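Heads up, the next two complexes both have chain A, just with different partners, chain B and then chain C.
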Partner chain A sequence: MVLWHGPTPRVAMESSTSSGDIVALKMIVMMKQVPDAEEIFIDPVKYTLNRSQARGIINPSDENALEAALKIKEKEGGDITVISMGPPQAESAIIECMGRGADRGILITDRVFAAADTYATSLTLAAAVKKIGDFDIIFAGESTTDSGTGHVGPGVAEFLGIDQVTYTVDSRIESGMLTAERELEDGIEVVSTKPPVLVTVLINSNLPRRSRLRLKVDAIRKGVEKWDHDTLSLPVDWVGLKGSPTLVGALKIPEERKRESRPVKLEEIPALVDELVKKGIIKIGDDA
Partner chain B sequence: MMVELINCVVPEHPEEYHDVFVYLEHKNGKLTRGSLEMLGKSEELAHKLNEKAVGVAVGKNLKEIAAEAESYGCDVFLGAEVTDFSGFSSVAYTEFITSFVEQYKPNIFLISGSREGRDLVSRIAIRARTGVAADCIELDVDVPNRLLIAWRPSFGDKTIDQILCKRHRPQMITSRPGSYKMPEKVENHKCEVTIKKVKMAKYAGDHKTIEFKQKDRLDLTSAKIIVSGGLGLGNASGFKLVKDLADSLGGQVGASRPVVDLGWIPYEHQVGQTGQTVRPKLYIAAGISGKIQHIVGMKASETIISINTDPEAPIVKFSDYFINADASKALPKLTEEIRKVKAGTPASSPG
Partner chain C sequence: MSEFDAIVVGAGPAGSSSAIKLASSGLNVLLVERADPPGSKNVSGGILWGNELAQIIPDWEKNAPLERYVLSKGTGLLTEDSLISIDFRSKKFEKNKTGYSVLRAKFDQFLANKAKASGATLVTGVTVDRVAVKDKKIIGVEQDGDVITSDVVILAEGANPRVAIDSGLRKPIGDRDVAIGIKEVIRLPEATINERFNLRGSQGYAGEYVLGFLPGGVKAGGFLYTNKDTISIGAVVNSADLRANNSTYSYNIMEQFVTHPFIAPYIEGGKVEEYSAHLVCEGGIRSVPKLSGDGYMIAGDSASLSFSNGLVIQGMNYAITSGIAAAETAIAAKSRNNYSADSLKSYDEKLASKYVLEDMKTFKGIEGVTWSNLMHKAVPKMAENIFFDLFYETGQPKRHLYEILLESTAGSGMTKSQLILEAYRAARRM
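For the complex of A and B:
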């Protein structure tokens, strides 16, 4: 049984000007390649998702997570490692991240990782972070567009025994502390915490930069490391479907409501409004 | 706080796990809408299983929260009253809630999929070595096996998947606020209340809330009427017409992703897969072609009217009414008619 003792806060962040050991800020970005929703099909017989034809894209909020890390790197220095769990094709998304300025790319790929739920996924990613070693901040997108649970970021933080700051729209380093703004239902919470910490980043919270050709060429030359369950010393029954407490029992196709698509001409708009009022869809004297 | 990197564990005695937990999130001394919906659901499931609905809460003034939970039919209330500072820390809250889970051993645990709920649920589940089904829209129980049957929409809403957590306990789920109806008040209900005192400082470490800026996010999910605009508006100023119509109807303004990306309107108005999922009584889509990412966010609307120059646009078949016209012509016409009706002139009268 492996016991994770948790990373120690990195003293060198305190000040870049003070004497003593200066260690660069180490950041990790967790990224997932997701299928472009527009190109997904459901097999009508087997009810399975046909993702093979769908173009792979970087999960949108993960792009914002990478951008948040790159902004800190520009200001504070340091390096960024991108880790992604997925099939071999996900390598292209990692190269794209390196083309935007990430220094190292690791693809966690193994057939035994397939069909993992959020527990097994968090465990696998936490094992990868543990193998990377020291880090200050892990950035992750708030949720993915293909499963959308938003559970993996906090799950990794829990396995690593570190603090988390979720739903951020802005983050920066101030005298060795991470200061971040969290967007909640009723306002913005400004929090401060000491690394190591996991930060989840909201979609559209910044403008992700484009990759640069030179960096992309460098990335291809450098290559993407590939780690499997052996590299991570994970037993096969801890990962993938076997390591997942939840399972999909059955599927049903939702009943799509048939809609009439009744054509209405411009000059028929008064009659349409009249009908909407009669049906109670538009209420008169009700401003709510 | 330190967690072993270890796989999920099957309890040796699952029969020891009993009752339905519900996390009671509260703001400004009141239960949130999401946690009330979940409380209602926990009572419904507990009733079927002949078990209890157990509310758990963390924070300040928990006596008031317990009283409100009681008035909605909660059977048992377990509170962790924070006595030092206010604010939120995932690590500390996870610690407090987990202590109730370990002590009580619930069979089922429901958490509202609000921002706070989704921040906590994964940590609590991993601490308990169990799984979570996220964003469920339908819940039921297999009574003889005391198994929770949860249904959640899959990617792109094309299927609804049944998620089971057969061997691990508790069986945990989240549902987004607005997924279920509000529970009814229950007269003369007695709730067994236990509140213990806890300190945040012990667990929160250096995590501190520096400031809270109150600002209501535009919540389209509870809007009754939404008028949305897309690329067919032609330019950013086209949203003026959208806003006029929304105002005349007392509704809110929505948008498709491309126009948000172009900066015509802020992201908080975006409807769809990477925006908000809405289900108003009336949804008007002006100049929106209806890509699947937009459709999944609005197709549950009661009545849908689309305005488009292209009769072949995908939005048409998702519409109850289709106005085949330019949005810049149809929108003002609709606004004018609605203003007339609201002013008391019959819409069908000439003029």
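For the complex of A and C:
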């Protein structure tokens, strides 16, 4: 295994040499199980999203985050821990990640975590990262398909007080530094930074590999660790709905206005334009 | 020392039944399924006939996700203008339930979870490449270059058995072995379905139709099954015919069936929730491959174990029975610690002694009847002529049925001698 020569302040791990500052690269991937967007439909009466028939999948950009970590692991060695916060059934998504090559899976699951907003979620995940202990890089998908805020990755970095590199499409290790390409509106920005660092990965930035039978069988044998608020020593008031400052005032779907059409004669047009002006729908001015 | 006692490829009715039996008998079993979740790649009609599941899940009728029980079994002939049908409904089916409509996305998940609960290791979302062979013996399965070892491999992959074919354990599927099945699942309120099919509560309707209105040489059948609040409707199209008639498309045949004037009202106003297509085993006993050998057995559709005589289509019960038989064979082989072809031969014997191979032998050549011109071209048209003549008041003196029958053969598109020959064949085989 190629060892990590980074200027990390981490204490030496079991694979360290006598110098005490060379340790195996430790990566964490944050993953969320989301309902498959193709199987969600809008309740025709209540206008809410019906997810009951949708199967759970790995959030698409989290697949890219895992793939980014796996590529680095292939080149540099090291190990990957996948953490996910969600209901017990999210375990299958973690097994899938381990089937692709992650070494360890942790499911952060507890009824008191339910209905957490991005603030409480970031806090909970940051607490989990702290409990894991040493790490070099945290990978996270840029945003989830079922909420789309993009808050959680950066939120975790803030709670941990570490650097973050967002919107990346590629990342690699170069002489102890993490070098990542950020896809921005006006081009690609190449950033190098010292670990520990949190990296958010854009959807479709790489081709996620499929899982392997061998690794999945091993993953099932190894199992997924389950952590609750006790494990994380988090007060109940800090997590879930209680720990969430976000208030949703209302959720509405604007009513579709019926539009009418009829054929008109050419000479009717001036009168129609006058009517549109009168109703304030269009404006005719010198600057028009 | 193998990693597993048995590896079962495919978590459909055959594979999961096998895994349930194996695991609950204390064997260390790996059940691998490419779909995640199990059932999501499936396109079965589907009616589950019989009570085979009771052998491994005694309370299955209470706990399995069943839609409706078959109270009413329909068989119909469709021509362009007419529907000639028999609707057999009986209070006897209420006491002795013989068939249930199932939605396999739910049903297969239920079975796979049962296997898991029985102690099987269930891996989903992975496709096995082939069986692993060492010294001419099957030692497990291969996936992405990795070998997972087991004493015996049970292949239960369904109608398109890639592992069996790619491992050389059965011949590639040909036009005569399979038809193309197309299915829509259409959502309708439960009360609407009850009203349209004259049903109450959990009573259900299962109908099969000969599509006698198709132009040209393509032959197809239709099916319509009621679920709780959906209808499964579909067509099964002869694949050899499709190949011979390049300008005919299976989806057009499906469309013609669902828009037929006497079928369309059943599904009117419904919302299509699923549209899918798959191979359907239709080859009869002739398509059944070698069922077992050194270290392997083939079960369910993978072994072409299905039955269709035009009146009823059965596959899941054959799958379950063969899956359980394979498991029993593996359990006996373990006790002898002998997984050789000789030791596994009892699987073939088990199937031969059960109705599975018995039915298929009794109805040998039935596919020649169900897919005959007689059934698809002549009979529907003749039946239409006969009934129309019988009931249509012309103001002329009435004629004997025999005369009408003779005359109707003229419009059938087949010569009298062809008709007699085919009718004789059909009578012998059915």
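Everything that follows uses one rule, which is that the second predicted complex is superposed on the first by the 223 of 288 C-alpha atoms of A that agree within 3 Å, B and C clash if a C-alpha of one lies under 4 Å from a C-alpha of the other, contacts with A are read in each partner's own complex, and residues count from 1 in each chain.
The rule is short, and it goes like this: a contact is a pair of C-beta atoms (placed from the backbone, for glycine too) under 8 Å apart; a residue touches a chain by one contact, two chains touch by 3 or more.
It should be emphasised that the depicted structure is a prediction, and the values quoted were computed from it without experimental measurement.
Of the two partner chains, chain B is the only one that A:Thr118 touches; chain C does not reach it. Comparing chain C and chain B on the residues of chain A they touch gives the larger count to B.
Contacts of A:Val217 after superposition on the shared chain: chain C is touched, whereas chain B is not. Touch criterion met: A:Arg55 reaches chain C, while chain B stays clear of it. Looking at chain A, you'll find no residue that touches chain B in one structure and chain C in the other. Of all the residues in chain B, the ones that touch chain A in their complex are 1-8, 27, 88-91, 94, 114-116, 118-123, 125-127, 129-135, 149, 151, 153-168, 205-217, 219, 224-225, 249-250, 260, 267, 270, 273-274, 281-282, 291-293, 296, 299, 302-305, 311, 316-325, 329-330, 333-334, 337-338, 341-342, 346-348.
Across the complex, chain A is touched by residues 3, 30, 32, 36-37, 40, 121, 123-126, 128, 141, 143-144, 146, 148 of chain C. Listing the residues of chain A that touch chain B in their complex gives 1-6, 37-38, 40, 42, 47, 49, 60, 117-120, 122-123, 126-127, 130, 145-155, 157-161, 163-164, 166-167, 177, 179, 183-194, 203-204, 235, 237-238, 243-254, 256-257, 259-266, 269-274, 276-277, 281-282, 284-288. On the side of chain A, the complex with chain C involves touching residues 55, 92, 96, 99, 210-214, 216-217, 220-221.
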